[in-house]
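The first chain written gets the first letter, and so on, giving A, B and C; residue counts start at 1 in each chain.
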Amino acid sequence: MEEEKRKKLSMVVFSGDMDKLFAAFSIATGAAASNMDVTMFFTFWGLRALKKKARTGKSLSGRMLGWFYGGDINRATPSKMSFGGIGRWMFKRMMKAKNVALLPELRQTAIDLGVKLYGCQMSMEVMEIPREKMIDEVTQCVGVAFFIEQAQQSDVTLFI
Amino acid sequence: MEEEKRKKLSMVVFSGDMDKLFAAFSIATGAAASNMDVTMFFTFWGLRALKKKARTGKSLSGRMLGWFYGGDINRATPSKMSFGGIGRWMFKRMMKAKNVALLPELRQTAIDLGVKLYGCQMSMEVMEIPREKMIDEVTQCVGVAFFIEQAQQSDVTLFI
Amino acid sequence: MEEEKRKKLSMVVFSGDMDKLFAAFSIATGAAASNMDVTMFFTFWGLRALKKKARTGKSLSGRMLGWFYGGDINRATPSKMSFGGIGRWMFKRMMKAKNVALLPELRQTAIDLGVKLYGCQMSMEVMEIPREKMIDEVTQCVGVAFFIEQAQQSDVTLFI
């Protein structure tokens, strides 16, 4: 019954940009720290946030995608001023200078606070990212119907 | 009365990127299939999703916009790795390989499931896209007040 | 009691793009004009919408950021077809031709209608944008917990 009264937040994490992932995980951990029930549904580029540092892709297109958009959460670059990696370096530097947690730590905090991380099954298939190339902490790989169900029960919904 | 009990989802579709439109229509069809009442409000670049394959624009700026951002839903390119059209080709290939519906089919499914498609009147005026250059299935062209009204009654709201 | 019955809209404004800011302020003013209680929470690139025309940044990275992403709301460029400033000029021209309010006027209308503008404290610190470089109309500078609280009470939530 206590459980039923908890407010709920559901977000689609579509983006794999460093800055947007940072916003997504900040909101998620903030909400979880406020005792909200938090669901993150990672799709498309957002899947990078759940990946291990591993090669993906089987077909030519899949391997091309893995080549240009491979790596794990540490490879994420900002949506602006990427400058071929300089932007990432610059932001990490600025965050460290202010003692702000970087993405891997922020994701770990989310996990520790009970935030649920779901991978979008269809994107995983299209992008040829198998479950075993994703971190163990992924709660489940689900379809869009699952997200709809979660969103219907939510007090706050966001698409990032 | 049955009608009043249906859950409602409203989204602003601001983006005209292939991948984001794919996410928008996937969520919309998924929600409609779950018996939700779904409203899509297309604005700015998102208007491409409702356009016929036709030239638009009257003023110099309008024609420039039509030149660089013309065409219909098939012209949409992904937000990442566009590579001057190669990204679009690559994603279509990957989707077909997994038997995933492409954008025009997904839009048709949305229409068949009763999803309502609204065009933002102000964007249409600014971008010089007249009603007759849009597909017949557009439910209506409306202002922001209309979206606000729909959103207020919704259980799920998204900006894509 | 009257106050409690008002519907509420909360949005995160993450983007500093001209077109997305335009969408954000259009929705905000539209909602406020419909008697909704509107909260805008500006973070990351979105902070530009609250800045004065002033240099920011102290560290090397901070100054680099100020250099490449400085200026006020008038410096915002569209997310597509920026063309080194031509896109901004083109859109302003198209908007004026249709008598559509430009960003600074739209922001003023939002303020006049009682829309609350919050700056994200953590982004301000990381990006080295002090409070005094922001416009006086900023309601308050707050943390993510504040946004979560507002969002929980809202009928409509958006991430732009």
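One rule holds for everything that comes next: a residue touches a chain if its C-beta (ideal position, glycine included) is under 8 Å from a C-beta of that chain, and two chains touch if they have at least 3 such contacts.
Because the structure is predicted, anything quoted here is derived from the model rather than measured.
Simply put, subunit B must spin 120° to overlay its Cα atoms on subunit C, rounded in steps of 5.
Both subunit A and subunit C derive from one sequence, and where they touch, under half of the residue numbers involved are common to the two copies. Centroids built from CA atoms put subunit C at 24 Å from subunit A. Across the assembly, subunit B contributes residues 157-159 that each touch 2 or more other chains. Within the complex formed with subunit B, the subunit C residues making contact are 7, 9, 11, 19-20, 23, 26-27, 30-31, 33-34, 36, 79-81, 90-91, 93-95, 97-98, 100, 155-160.
In the complex of the two chains, the subunit A residues touching subunit B come out as 12, 14, 16, 43-45, 59, 61-62, 64-65, 68-69, 122, 125-128, 143-145, 147-149, 151-152, 154, 157-159.
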